[in-house]
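Chain naming follows the written order as A, B and C, and within any one chain the residues start at number 1.
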Amino acid sequence: MSAEILVVVEHLQGKVTDATHEALGAARAIAAGAEVVAVLGGAANTGLAAELAADRVLHVADVRLDAYSPDAYESAMRSIVAARSPRLVIVANTTVGMDLAAGLAALLGLPLAAYCVGLRADGTTLVATCQIYGGKVIAEVGLDGPAIVSIVPGSFVASHGDGSAVVETVAAPQITTRLRLVAYEVAPSADVDITKESVLVSVGRGIGGPENVPLAEELAAALGGVVSASRPVTDSGWLPKSRQVGKSGLTVRPKLYLAIGISGAPEHLQGMKDSELIVAINTDPGAPIFDVAHFGAVADVIELVPALTERLLG
Amino acid sequence: MRIAVLLKQVPDIVEELEIAADGRDLVRDDLRYRLNEFDDYALEEALQLKSAAGTEVVALALDGDDVDQILYTAMAKGVDRAIKVSGGGEPRSARAGALMLAEALRPLAPDLVLTGVQAPDDLEGQLAPLVGAALGLPHANVVNGVTLDAGARTVKITQEFSGGLVAHLEGQLPVVLGIQASCEPPRYAPVTRVRQAMSSGKLESVSVAAPARAPALALRRLAKPEATGHAEMVGGSVEDLADRLVAVLRERGFGAKS
Amino acid sequence: MASTPQDRYGRVQRIVEKEHAVVEGVDLPGPWNRMFEQRVIWDNDTDGLDRIRAIPGAESLGSCYQCGKCTGVCPIDIVGSYSPRKIYKDIQIGIDLMESPDLWLCTTCANCLRVCPKEVNMVDIMPAVREQAIAIGSHVPPELAKAFENTFRHGNPMGEPARKRADWAASAGVPVRILPKQPGPVDVLWWVECYPSYTPRGQAAAKALARLLTALGVDFAILGAEEKCTCDSQRLAGERGLFEMLAEQNMKTLRQYQFQRVLVTDPHALNAFRVHYPKLGGTYDTIHYTKFLAPRVAELGLRKRIDAKITFHDPCYLGRHNGEYNAPRTLIEAIPGATFVEMGRCRENSYCCGGGGGGMWLDSFTGDHVQERLSERRVREAVETGAEILAICCPYEVSRFEDAVKTTGNSGKLAVMDIAELLDSARQDA
């Protein structure tokens, strides 16, 4: 086992993702003398290496790694990890991580701690703190030997490179593309770009049904904002997907985020917890949303929302 | 053409989750279990593909407290076969469970394996890539669109990234997919059909050997999270709350009086 | 000559048109004298109707002769467009009831059955067609499917944990015997049901009734967590399998205990025990709490005045379905200071609150098909009487009417109270 911490660089549409910088931040924080190695795939994108906060960037030069696809990346990473036997491999728990982490763990017979929100050293053991059951339970696991960890985006402080990383181009190992990438597609931007709004009134399942969405829209209008939503609401079609806040939707940082009937599952919190002012209304006093909100009220959403609108229009 | 769907039972959070005194497990006495929500989407996707292409659908689940009910409901929804997979001794790690399911799948030789993108207790990783890699099959997770070409034995997949970005992939069967959303919401299984399934005697059971070596995760402890912060809670009647919240908002410069 | 136009159901309109027609001395050329040919009854394909009539339980739909008496009393027609006659007509011209939203709007209030000269029985027809629709995979409104699943898994449509069903009893202010914990013979088995057990307003009524029963010295007990929903409304919403499954479980539980009679708070449970459980082999001497209390009202010690105008909403399943109209009135009129005012649509012609037949779990669906909710219509009727209190005795009603009071802008003008709560408040010494 080498004293290396390997981080898989996730880049989409030519840009290194924020989650990757967080993964590198996590790696640096527990490196304690180990070398932080970033693995960057792609034929001609060494330019990205400068922004990576790694000691070494392994540039896997292959056109099949230019854009992420599951089989190509898994096969490439498998060879690299097998050859280098790092102490720890860190991936972000994004779509990429949800392909790679478990796939690599199974192929290489390595333990995997997923949904990790904290990492620390306890002697020679690395202790990962992981979130399960929608964030209601945390699990601490000890990793004594080589292991893989997938981190929840937004849990670690990002670290940005200063161009000092040593770039080492390596030949592409056996890469398979049993699943071939045809194309990436960006969903046509619909009515509203919620990432640009300064006030969001966000609705969750607690709004009860699509017939109550207008209550939120009236409140949003009274505050000069728009309505956004959590995944269950957009999945049910009560609001279009363009309004979805969270891990599989959009990350927002408005000045005001009013969470209405949203319980606060980690995937949602990830998308809004850096909002400047968060006010949450929910019937469940134990809802995790209250942990990130600045102000909270336990109340029936259907009663309170119109009462707020009434006063604002006052 | 055969589609296998992997179903998992997870704690029904209608009950509060409590940690056992030794900190190693949940208190399981009053726990009820239900089908993992994403596995329900995977099941619906399989049944939709069955309607479209006339494939056979086989549901599999590792044994557990309420697993029979889950498999009967799958039968009531229209799967052709339902198989309960047991073996492996207690306690069984999630990685061992994934390897057992892979073992159970081998003789079935499915053309497509579907399961949910994730489950609430996926501490050791998501099932689709674990099973895919164990079987040496290509796999993709976070899939929200599947189209089969049974004749050409190919599959077209849409994989979902954040911010509305979507990847279109293509490949030869067999593949293993982790489903994020099905094209239609999961159908309702009438109780009469579930009861018919229960008395049909058609639930199959297979036993597979415990895997020789499943990487174990050394669990130190389980705990309830300590909130690093908490909202300042506002109390009172609806009228009081509305007054006070609007005051807070106006103080911060929102909802100025026109 | 025009092309063959079609009416809104896609049927070809046959046209008669002459080049010239002199009508009352006026020459109407060409299109000006165009007429549609008379439609003949056998233009309509009878397949649709035959298919519905072939469903066991739905045969009586074929008897309809379109008199329209039902339309006059159907609560939904007053806020929308609906009645058995209209459904018959729609089926006749080719609309598939099993794929139509009309399938889910009927609350089985039975006002139509009351007036129908041909005894077209929607209370049998709609559940039968719904059951068939679910079996063939028609879309079940998600709110309803969730209620079914919750009932299946937890024994109550809210999805609350079964073991918390009797938690309300701890703060009733009087001891409430929970039979499984204190076994032994009991005179009255009080079947509390789901809404009184789990919802705040329902619990308030349950606690009040516990105090009334105690004041009367009644030997009573509840089943607590062993009680499961009697599912009469789920049955009417199309889940006969669910009803039968829980009936079997409930009857098995009841066989373990000795009691003289069953007292119910919920008219829907009354209906299940009186009408449908006997068909499955369970016969119980069942009585609604108003009928139980009415003969003993003088013993309640009603000393505190409630100086208010009180009106009463006859629940469909206590009144029309099970014939009890007087007991609730006896109780209300016994309250000192109360002035009883009757609504226009009362007794046999009571106007449904919208909760029956699955309606409790179809609000988001129904909202799309009516101008205002049935409960809102009813609350406006109550306010028109000048009443300050709307008295109810079915647990579905309190939340429906309280919501409607708010949404019709009558907050503060009309209070909604269960008769048990009214009696309990009148019991305290002034």
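Of note:
In the analysis below, contacts are C-beta pairs under 8 Å (C-beta built on N, C-alpha and C of every residue); 3 or more make two chains touch, one makes a residue touch a chain.
If you're wondering where the values come from, they're calculated on a predicted model, not measured in any experiment.
Of all chains displayed, B has the C-alpha centre closest to the centre of the whole protein C-alpha set.
Comparing the CA-atom centres of all chains against that of chain A, the greatest distance is found for C. Among the pairs B-C and A-C, the greater number of C-beta contacts is found at B-C. Separating the CA-averaged centres of chain A and chain B is a span of 20 Å. Taking each chain's centre as the mean of its C-alpha atoms, chain B lies 37 Å from chain C. The geometric centre of chain A is 48 Å away from that of chain C, both derived from CA atoms.
Among the residues of chain C, those in touch with two or more other chains are 142.
Taken residue by residue, chain B touches two or more other chains at 185, whereas all remaining positions touch fewer.
For chain A, residues touching at least two other chains, in rising order: 236, 303. For chain B in complex with chain C, the residues that touch the partner chain are 12, 14-15, 30, 32, 34, 185, 187-188, 190-195.
Taken in their complex, chain C has these residues touching chain B: 131, 134-135, 137, 140, 142, 145, 148-149, 152-154, 159-161, 163, 238-242, 245. Every residue of chain A that touches chain C in the complex is listed here, in rising order: 208-211, 236, 303.
Against chain A, in their complex, chain C makes its touches with residues 142-143, 363-364, 367-368, 406.
Listed in rising order, the residues of chain B touching chain A in the complex are 11, 13, 17, 19, 26, 95, 98, 117-118, 120-130, 132-134, 138-142, 156-157, 159-172, 175, 178, 180-181, 185, 213, 215-225, 227-235, 238-239, 241-243, 245-246, 248-249, 252, 254-255, 257.
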